[in-house]
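Chains: A, B, C, D and E, in written order; residue numbering restarts at 1 for each.
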Amino acid sequence: MTFLFFIFAALTLFGGIGVVVNRNPVTSAFSMILSFLGLAALFIQLNAYLVGVLQILVYAGAIMVLFLFIIMLLDIPKAENKRFPVFTLGASVVVVVSFVTLVIAVITKSGVGAAKLPAIEAQKGPGQSDVHQIGELLFSTYWFPVQIVAVLLLVATVGVVVLSKRELK
Amino acid sequence: MPVYFLEIIVVALGLIMLLVDAFAKIKDKRCIAWTGMVGLLVVFGLLFNVQWPESTDGAFWEFYSSNDQISLFYKGIAIISTLIVLIMAADFRHIVVAQTADPEKGAHPQAGLGEFFALPMFACAGLMLMASANNLVSIFVSLETVTITFYILVTYLRRNVGSLEAGVKYLILGALSTGFLVYGFAWIYGITGSMQLSEITTALAKPEVNSIAALFAFALILVALAFKVGGAPFHFWIPDVYQGAPTPITAFLSVGSKAAGFIVFLRLVSPFLASDVLADKVTLVLATIAGITLIMGNLAAMPQKNFKRLLAYSSVAHAGFLLMALASAPTKSSEGSLSPATVVTFYLGAYLLMTLLAFLVITTVRNSIAGEEIESYKGLAKRSPFLAFMLIISMASLAGIPLTAGFYGKLFVFKIAADQGNWTLLVIGLIGAAAGFYYYLKIAVPVFFGNPAIDEGEKLSTIHVSAPARTAMVILTIAIIAAGVNPNLIIGLFS
Amino acid sequence: MDVTTIAWTVLLLPLIVAVSILLGLKRWSGLASLVSTGSAFITLFLCIRLAGGGDDLEAASFSWINMGDALQIDIGLVLDDLSRGMMLIVTSIGFLVHLFSLAYMKDDAGKSRYFAGLSLFMFSMTGIVLADNFIMMFIFWELVGVSSYILIGHWFEKDSAADAAKKAFLTNRIGDFGFMIGILLVWTLTGSIYFNEIAAAVGGVENAKLLNIAVFCVFCGAIGKSAQLPLHVWLPDAMEGPTPVSALIHAATMVAAGVFMLARVTFLVESAEMAATVIAWIGAITALVAALMALQQNDIKRILAYSTLSQLGYMIMAQGVHHGSDAGMFHLYTHAFFKALLFLGSGAVIYACHHEQDIWKMGGLRKKMPITFITFAIGTAALIAVPFTSGFWSKEAILEAAHHEHLWGPYTLAIIVAFLTPFYMTRLVIVAFFGKNRSDNADHAKEVGPIMWVPLALLAFMAVFSAYDFLTGPLMANGHADIGHLIGHFGLTATLSLTGLVVGVSAAIYFYKGKDKDPISIPAFADRFYIDEIYEKLIAIFQDGASKVCDLLDRYFIDPIVARFPAMTAMTTGSILRIFQMGNVQTYAFMFSIAVVALIVFLIS
Amino acid sequence: MTILEIIVTLPLLAALVIGLGAPARFTALGASVLVLIMSLVTALRFSPSIEGALQNVSSRPLMQMDGFPSLSLSFGLDGISLVMLLLSAIVMVAAVLVSPKESDLKHSPRLFYLSLLLIGGGAIGAFCSTDLFFLYAFHELALIPTFLMIGIFGTGKNRLRTAWTITIYLGVGSLVLLVGLILAVIGLGGSTFNIEELTALASDAPMAAEMQNWVFFLLLVGFGVLVSLFPFHSWAAPAYAEAPAPVAMLHAGVLKKFGLYGLIRVALPFAPAGAEVLLNLVLVLLLGNIIYIGLVTIAQKSLDRMLGYSSVMHMGYIFLGIAASNELGLSGAVLLMFAHGISIALLFAMSGWLREKYGTLEFNKLGGIGKQVPKLGLLFGFAAFASAGLPGFANFAAEVEVFIGAFAGAQDGLGWIQWATIISLWGVVISAVYMLRAYRAIFMGPIPEKLEAPADICWSMRLPLIILLVALTAVGFVPELLNQFIRPAITVLLAAAG
Amino acid sequence: MESALTLDHFLIVSGFLFAIGLAGVLVRRNIIVIFMCLELMLSAANLTLVAFSRFNVHEGQPSYEGHVLLFFIITVAAAEVAVGLAIIVALYRSRETTDVGKLNTMKN
């Protein structure tokens, strides 16, 4: 269990680092898929099966394909031509490192996460899986936000059309 | 009529507008905008007719703050600003068409207008929802609805370099702030175990609350919210985006988005302020941000030469005053002083009036004068005394000259700051207000003292003001002055 | 008419005339001048009715400022021997000058303005004389200043006249500065501004030092108005005005206001010993210095002006002498007539000589203008105190008073003046009236008309006889000296002054008989001891220099520090803050992140 | 609606009507004359016997809100505000009368008259308000119109800079003032804006000493900037020099008095202890006005700037009266506000005419024009002498009250204020120096060759001058005309201030 | 099921992932990559959310509210990506670049 966690955590993080470090956007995209796979595994490890699957389907699948598609479509040069300016790089690294340090400090100092992974009851029976539970929540309590999200998606669709159609008829 | 009908009606209106645009063959697409305007007026009327249920157990009410005039007021702000944005958008149509479509390549002569008119309706619905959202989920969803709509609208002039650049900047920084917001939400959820603001408040108010984690969550949320309302140093997107976006959208951003941002700000910050453990640090941080914002916004506005950009800095400056009010939340020992919610809400109401008036003028003028540089307003008073007068009224109000609504806003802010003994902030606020006199009146210089840049012998053309715009301007002016005499006209609407 | 009505009429009639000339009568200048002269006659007539003793009277007053217990200022008239006597002098000489002016100013373009000014002066002077309190006196004090300004500057298109008017007013203002302080101090010490109340309260004042200062400050007003040293510089310049004005204002009445004021507050002066001594000294010094200056002047009016200064010095000195106030007033009274006579006489000469004023360009006028000459000679005789003329008696009275009080310093100076006065006056008469004509203007001179010489004749009569009881009885019930008493005390003083007369006259005859130009040249005297020049330098340094400095300070220090610098700072800061707005979205994100880090550090620490 | 409310509303209404297209000059004149008539009627009906109580009171409550003082649009007159109302009404009529005809204005005649009415109406509103908020708010009404007037219709190359200076300066001053007022209201319990109630509170439950010091200091600086108290004066002279004559008249004559009015009405009763503590500071500053600015005035080389500085200088006397803070001094201060307002308006009206006709106001380019325009010369002489404090004009009566008031209470020896009074008295000499110098340079002496004679002032110009002069002399001869109103009001004020 | 894993493990991973995303936003110049990094940050937030859900047990079940929020986040992120990419396409069409450093016509 712990061992697997470290494997997937490493996968996730190295994938992430790959996104940042690779000069070729395509490679970045593939690193990202890798990272998302690791993340999905972590989700599953947290007993969040639906979320883990969604992560793979939506993120690693749909979204990253979209990214790749656009990268290919625009035929972006393989690597960014210029080298990173040293100052920007250095400063950014300092900021990011201090951010991480702070997050770790918060986590350790606050003791918020000292808890061990609590046991949960196994599935109570049919219709009690997390998919069921989330689905029920979504379509009962969170019915309204779902509708709003529908509007959001409509807006996004219209927007994408308006912004990228070749010529408006 | 239950209050959520309002959002539904607005969305339905937006859908109708989209459908009309898609399927009906209409010559003048301004009809679509007019439909929206009439619809919004009706919705605005309905605003005074909503009912609150006996019990708030129903599915919708999870996401609505209960019986709350303030949220209705913010809905009103959203509706009015959308209405006026539509008026502006209708006047702005030539520029929209010119910079989105290329008629030579077979584009419709009014291509892209329908969506330009319809999208604000959805943003409006999002803003209205934000106004009453009291659950992390609904806050997030409505906020993102608004934000994403704005990504589209800001970039709408896709052949215009400025609009595109503004869109990209807004997109990247907006997404960044969303990231922080979500991260913060996750932490709050982790600490309190709830998405409901009332429960979060209860959880945070407990003395044994994990203060470090809570403050960390607060920091993350504050970042995102400060970004939305334009608090320094998270305001950097504002000048660039305001300048690049289509003018009606700039107005929308500056009024609708900011107002909704502030109500969310109020809602999300109040649990932290209500907690004895956290309140001190939270207040101090807010005060610091308010101070920086005041200085940044006001002083950097002084040398500006582009009118829209100047208004962007002014928007930052006003955010500073609003934050100043937030940072002066009364402590337990000072009962009976003004509540920041009242001050902020009034301020935003006044801000709506004066900013929209200014943008109405800009949009109208833009039809006759190319460019939004302050210099290009030379001689406006001679070409159109009406517009010049409107402009000076709105500038006076923005600058906070008494007997305009803007003055009461500042007065309340100063009062609440003085009540709480926030002397440093008060001094900074004074400096800011003084700088405001300069940069707002700066616009009067070309308008009144300059001569129109026309060739010899050419006849001085007047500037056409469309009927809806004219009506709106007159109403706004009257409102500014009336509320400048009697603030109760605004305050009475929400208290 | 009862006395009160008469008093108010005397005060207000000239004002009404002045205002009506201003408001419309000025278009008919002849009528204006006649109305003005008529009003002068009426006031004279009324004053004669008032004269001749009677009870002291506080005429009904008009409340000017009414501040409850804090302050009451009334415009109230007081009629006692002092004011009645002074009123007679003012109105009689005033009337004569009006009369004289009818002819003298016949063809002047600004005739209406001139007569309006005269009437305004009559009003103001009456106000001073009748005032029953300090503030009211100050009000009219200022108003005579203005009328004098108007009349000196009558020919304002001449630079010299314009400057002289300004100088007169400003110099007086300086005196008034002290006067006002004095009034304030007296008010503080005695709690009143009314003369009778002050008189009652002054005995109870404990702060003697402050009282002395107060009295001295009050005296400052007199220094200005009566042109005492060091504020005497305006009076000679004031001769730029029309000659009748010089006679009326700058010889007979207005300049005597300082003396009158001191006489009015004798009780104050006498209670402040130090201040009184200072007053006596200043009077004496002025008398001497002015006499010295007069020795070397060539302008007929200036000689008379300096002699006026000198005589005023006498009067002021008398005010500083214990029990000398009456003597001073007596001299004021006699001097008013003979000096007005001399001025009007010189006016006649000037008029006849086509506005020639240099005595060295006259000469031989004795034959061409016999009446003028005779009256002028009588006036001179009175001035140089030829025995049995009025001037003799009044001057004797002053010297005697000083002698009696053993004020040896001032007394000595006064005696020296008694040597000088005959000298310079005789010089004037000889040079102007004897010898041969030294210019065309003098050549063409002829006797003036009756409107001009009648006043001269009347004044000449007064110059001789005004000191005698049959005139002083009705005219100067208060301030006259007892001639019998003087004769009874014939002694050192009389001897000395008679010696002075003889020596002075003979010396002048010796030096000036038949001369065409001045055989004596003492530049210091001729140039008035360079006092004017020194003042000009002082003004240039202290006033103009200081104002220049202040102006520069204002432009380049105060304004920049208080206004420009903060504004520039704000602007510069704004420009610097703009730099952060680099336009690069990653920079924004970077600052965003820094801020996040800072926030977290701050919040969790 | 009370007559007072009509008086306050009328100019603003007229401005609106002009904005909507009514004939500008006619409307402005009509409105201001009506205001003057109604003010005079009010004065006649004003009963000084009701000891100091407000009259013509009207109040329309606007807002009651927790944590914010109750706000009402309320007007009322006591003796002091009545005098200020009369001053405003008189000067406003004169200012409209001397304004150029519509056809003589190159452009925007409507804006000209509209701004004029706003400036005047704002002043009237401020003086008539009994609500602290509106007292402040009405005054600010003039800010932008003044900016526009100087910028558009001003004279001189630097007019834009001048317009900026005055606007920002006064803006900043009014902000400081605002903070002072907020502090005062909070310190006095924060329950009302009503000045009467606040005054009562201030005597019943005064603020803490330190608070009083701060409040008074802020109010002194805030009001002081508006009055051009040294060293916050550098906006005044250039602004008055370059503003069109009617604006200079209204601003220097009326609007500037607002700061002094505020000090008397607000600062003294609210923070009497603070006033005592800061007395010496006030004395130093007012001597700065009288002596230092007086000297600066002497150094000026053109009439307009000289008048500008002189109006700054004269503020010092009014401050002296306020510093005395006794019945006499304060009454004198109020009377002097009236007197100075009228006399400086008179002077600016004439200097405006001179500039228009001769094209310059520099001393060394003018001279002897008393021959060319004798009527103006005469009137100018009156005004100059009035300004220099000559008896017969209201200025003198007021100055006498101020000086005596400030000198009061020196039986035990001279204190600081007495010394300050003595030094101030020298200012009387100074003002005579510069006034007479100016008169000498412009109206007396020989006429320079190139100077062409314009026609003397016509009736439309003479009328306003005569109106002002009549007011000035009437009050000068019978100060009781106004003192009867001022005195009871001051008594009440002092009683409240303890 | 007992495990040695604590909440800290997940939170720290999530924190690192967030930081990596932030680093990418700060240093990369290609807008598309920046956009990817932003998605990375959102995912990191998701991890935190899920972890907190998992450790917040009610009646033997994790609190699924966190999952619901996550559902919305993913949806919104997808929409955001769609719109964002559309914007990037529009930008590329007009400016021929995806270098964010070249977008600085508006500044100061």
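Here is the rule we use: a contact is a pair of C-beta atoms (placed from the backbone, for glycine too) under 8 Å apart; a residue touches a chain by one contact, two chains touch by 3 or more.
What you see is a predicted model, and the numbers here were worked out from it, not measured in a lab.
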For subunit E, the least number of touch steps when starting out from subunit B: 1
Identifier of the chain whose CA centre is least distant from the whole-structure CA centre: D
Pair of chains joined by more contacts [C-beta pairs], A-B or C-D: C-D
Per Cα centroids, the chain farthest from subunit B: C
Label of the chain whose CA centroid is most distant from the centroid of subunit E: C
Inter-chain centre distance, subunit D versus subunit E - centres from mean C-alpha coordinates, in Å: 65
Distance between chain centroids, defined by C-alpha means - subunit A, subunit C (Å): 102
For subunit A paired with subunit D, centre-to-centre distance based on mean C-alpha positions, whole Å: 70
Centre-of-Cα separation between subunit C and subunit B, whole angstrom: 76
Residue list for subunit E, restricted to those that touch at least two other chains: 18, 21-22, 25-27, 29, 35, 46, 51, 53, 55, 65, 68, 72, 76, 79-80, 83, 87-88, 90, 100, 103-107
Multi-chain contact residues (two or more partners), subunit B: 137, 141, 144, 148, 151-152, 155, 158, 168-169, 172, 176, 190, 212, 216, 239-240, 434, 438
Subunit A: positions in contact with at least two other chains: 88, 92, 95-96, 99, 103, 106, 109, 112, 142, 145, 149, 152, 155-156, 159, 163
Inter-chain touch pairs (all): A-B, A-C, A-E, B-C, B-D, B-E, C-D, C-E
Interface residues, subunit B side, partner subunit A - complex: 4, 11, 15, 18, 59-60, 62-63, 100-102, 105-108, 111-112, 115, 118-119, 122, 125-126, 129, 137-138, 141-142, 144-145, 148-149, 151-152, 155-156, 158, 190-191, 210, 212-213, 216
Touching residues (chain side subunit C, partner subunit E) in the complex: 578-579, 581-586, 589-590, 593
Complex contacts: residues of subunit E adjacent to subunit B: 18, 21-22, 25, 31, 34-35, 38, 41-42, 44-46, 48-49, 51-53, 55-56, 63, 65-66, 68-69, 72-73, 76, 79-80, 83-84, 87-88, 90-91, 93-95, 100, 103-107
Of subunit C, residues touching subunit B in the complex: 567, 570-571, 573-575, 577-578, 580-581, 583, 585, 587-589, 591-592, 594-596, 599-600, 602-604
List of subunit B residues in touch with subunit D within their complex: 330, 336-339, 342, 381-382, 385, 389, 392, 396, 399, 401-403, 407, 411-412, 414-416, 418-419, 426, 430, 433-434, 437-438, 441, 444-445, 448-449, 484-488, 491, 495
